[in-house]
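Read the structure below first, then the notes.
Chain lettering (A, B, C and D) follows the sequence in which the chains are written, and residue indices restart at 1 in each chain.
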Amino acid sequence: METTARLLITCVNDRPGIVATVSNFFYNHGANITALDQHSTDPEGGLFFLRLEFQTPHLDLPKDALARAFDKVVASRFDMDWKISYAEQKKRMFLLVSRQEHALMELLWRWRRGELPAELLGVISNHKDLERSVSEFSVPYYHIPITPETKPQAEEQLLEIVDGNADLLVLARYMQILSPQVVERFPREIINIHHSFLPAFVGADPYQQAYDKGVKLIGATAHYVTEELDQGPIIEQDVQRVSHRNSPRELRALGRDLERRALARAVQWHLEDKIIVHENKTVVFG
Amino acid sequence: METTARLLITCVNDRPGIVATVSNFFYNHGANITALDQHSTDPEGGLFFLRLEFQTPHLDLPKDALARAFDKVVASRFDMDWKISYAEQKKRMFLLVSRQEHALMELLWRWRRGELPAELLGVISNHKDLERSVSEFSVPYYHIPITPETKPQAEEQLLEIVDGNADLLVLARYMQILSPQVVERFPREIINIHHSFLPAFVGADPYQQAYDKGVKLIGATAHYVTEELDQGPIIEQDVQRVSHRNSPRELRALGRDLERRALARAVQWHLEDKIIVHENKTVVFG
Amino acid sequence: METTARLLITCVNDRPGIVATVSNFFYNHGANITALDQHSTDPEGGLFFLRLEFQTPHLDLPKDALARAFDKVVASRFDMDWKISYAEQKKRMFLLVSRQEHALMELLWRWRRGELPAELLGVISNHKDLERSVSEFSVPYYHIPITPETKPQAEEQLLEIVDGNADLLVLARYMQILSPQVVERFPREIINIHHSFLPAFVGADPYQQAYDKGVKLIGATAHYVTEELDQGPIIEQDVQRVSHRNSPRELRALGRDLERRALARAVQWHLEDKIIVHENKTVVFG
Amino acid sequence: METTARLLITCVNDRPGIVATVSNFFYNHGANITALDQHSTDPEGGLFFLRLEFQTPHLDLPKDALARAFDKVVASRFDMDWKISYAEQKKRMFLLVSRQEHALMELLWRWRRGELPAELLGVISNHKDLERSVSEFSVPYYHIPITPETKPQAEEQLLEIVDGNADLLVLARYMQILSPQVVERFPREIINIHHSFLPAFVGADPYQQAYDKGVKLIGATAHYVTEELDQGPIIEQDVQRVSHRNSPRELRALGRDLERRALARAVQWHLEDKIIVHENKTVVFG
């Protein structure tokens, strides 16, 4: 729905009256609330999280004025962390990938099918392998090779493309570690897919690790990227039953399906403003 | 939490202002809202469902007065179907069972462990088989034998025990069909477990039906009982992967696990006032 | 592995000595058995199913002679239904599709990635919509429009392309019902994906049916096509949890993921000779 | 079936002819093979695992003679690790528990229902809490209190009860760590349930750890006990989706269901001789 808007709120000190104040504010300004989901961690004084979806056609203020009014009348009173997003202003997204195509193609298809409400500004890769596959989608392909020596310049190139132009970077099996200089420019705006059920099997080749350990389920984890490798807030996880019959090669094939699913869901939820990050955890509204 | 109360609302004609009016009402009467979940089926004029959890310590009115005020000030204005429940007033529950113990024992154990917040007034059975197992839980066991001839009198006996004393009847593999006279006294207050993934395999011995059909998943369905057999509103369903190796006997054993799980969840959600029934469907708040 | 061969056996009258006779035969002819999976439905006189995987490098007979010898020495003695397949002789596959691309693209991508060991001879569609998407895979695209009036001629065209050239037809959301004349030429060689958890929701728009019924899980079913619509032997089923929040449109989107998964698995198992059909049920070896 | 016997084989050096030799042997001695499942890790020279189920009524040798013959004629030739078990000789089982009853009761019910084919010789606990609950099942209850000071004597007491009398010890939430002296007497005969998805969350209070990490799935792991804590071969794992709404207390409740399920399956598979342990991994036949 083009007329949908969403509000996300975090208060670190829950108090009576927040829901009433917020819903009054929107009612008084002509917004029709179509969904509201609120969660408090404690009956008194805990964390307060809220997601509210409203319709804009009868709003009595333009967006900027609404934001200013909300800040002044509501947010400052309850010391809120908050953000309003409008479905008509699609988030600008870049996809980063190395050589493996499965996660990238999953996102491209879903995007083309209209399941991922984003403006897709480009695919960025340190390899040329997937250029032809991407061309079918009429999306720019940026090839930025990276070697240990050229990494600083390569990241400069990357930032030139994305800085100020992106609301979301998706690492769809991008096998380079982003430096803190890049990560800090996109706080909670970089999503990575890790090919294991974190926190198990941190590090390289988790499917081999899973095989060696003889686990009966393998997993994949989509998470926000922070400066600490594989430790960012978890958005989504999925698992699949495996057995002694599955070779490491088959585990990798089964894992690809998990990666595609977990990453696609995490990206969709981010684009639909369903995620609040608080400290190192996420609240994902259903 | 003994101080928790819950409000469930259905409006068949969604309009702007409901959430604001409801949350204001509770705020003004000293209730602290700790969870609110609202769902509208359409942006304008659809169905409106709301579940609200609030804390009672600072309420400025006794329960009866609060209900009257809510009805007058809020509910009548928006033409609401509504109900407030208080955690401290536990629902009164009876369990009905025939010969198979698995679903019954699951509920008894969860109840003793404190996972099912109900006052358990008794177990009613048309057989004596499970009397000893129930005795360990210090719960009355009523034995009401039923034959086709004695069914009317048997149901009279049943109603003498439960009528006016029960907020919930759970059919935990009770193999008798309740007559409309019983069902209509407990609208949306009787939960049954059906041993298949409804609407597949309606009727007798669904595991044999599943075996004959060669399905790759078997299921169980917990639903409210209505006058139409196996057609009441579905509360919860669960499935389990099976294969050609599983005999009908093994399917039944696997199915018992599904039945226990699906029924226990449905009962818990009912007791926690998480379910709204509208026409023949349920809204189950997460 | 190019050197892998597989034997599938059904005996309707299980007797002692089958496994010993079969394994002796292959051992004596230089085949190394790398996997054997045998299932009997009863200790005496039931159905007997066997799948055996062997390596061919040290075989002492060419394929034809081996088959003749097996038939004479083993199969005729135990009245077997049997078939030997060689991995190096890839099955010839056609994909049939109408307008929805998700199931088709899933198969094309897996095929290109090497996960589906088949020779892909073409995509056949009653629409032109997907021609461009298929062209990227260098696979012939046959456009055969169908109207109620032209159906007989259209099926003639179809048969000209596939008859004698295909070991497997996959209906990847092909919205036309194949006539018995087509179906009978490919017994157990046509796989369809039905967008519900069969036997629930047979017929049109099962996701709308699921929405109307208020089920808590939706499903998809991959099955062999027989002359009776949606009643062929089930190969694979998958389900996904849904809730009252999901509109019919969202159920369809979630269902697409299920369809892709269930169909891809069924096709892969068929290509790897893991499926035996007996009467209207399948045995799928793990 | 009382007439069922099972053979488990491991060969560290797979060679042609093993299956033929084994199946011949049993055929020649009058055994009817009703299931055979064989898995090799490599086409040549890998590990070879086999499980064979046969019926005993027409055996031409008594059990001891059969074992000697098998050892001489078959096992020694292929350097096998092997074991034949007879369903009529039920395994002798002890259950060890501390204070939490859920895993224990799950096993007791299933055992009484005939789902766990074992001779249950007793429940051993370092607490008295569950004595009454166990008494209903007519199973001896041994109370062996343990303090850091009395641990050696307590384990002596334990060994007096179980040593030479047990084929399986199940730690059904037994919160004491068994000393190496006990563990080494029961190699691959002690099953523990760990309340997390190993190898994640090793150590104390894994549900709190899972909550702090914000994972979206919690798990449970049933494994054989070895001298290294929580590192023994994994038999079974199960997971359950959770969300930010679940408090650590609720995670523990959800986890109890996982623990019951994973442990019950692991115990059942062990009793049905479906598990081979090789190095630190298990092969679990389906």
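Some observations on this one:
As a working rule, contacts are C-beta pairs under 8 Å (C-beta built on N, C-alpha and C of every residue); 3 or more make two chains touch, one makes a residue touch a chain.
These numbers come from a predicted model, not from an experiment.
Of all chains, D has its CA centroid at the greatest distance from the CA centroid of chain A. Should one ask which of A-C and C-D has more C-beta pairs in contact, the pair is C-D. Centroids of chain C and chain D (each the mean of its C-alpha atoms) stand 37 Å apart. As a whole-number value, the distance joining the C-alpha centres of chain B and chain C reads 42 Å.
Shared interface positions of chain B, defined as residues touching 2 or more other chains, are 39, 243, 245, 286. Taken together, the touching pairs cover every possible pairing of the chains.
Considering their complex, residues 101-102, 105, 109, 113, 115, 132-133, 136, 243, 245, 253, 257, 261, 286 of chain C touch chain A. Taken together, the chain B residues at the contact with chain C in this complex read 39, 49, 197-201, 213-217, 219, 233-239, 243-245, 280-284, 286.
The touching residues of chain C, counted against chain D in their complex, run 1, 3-4, 16-20, 23-24, 26-28, 30-40, 43-44, 55, 58, 286.
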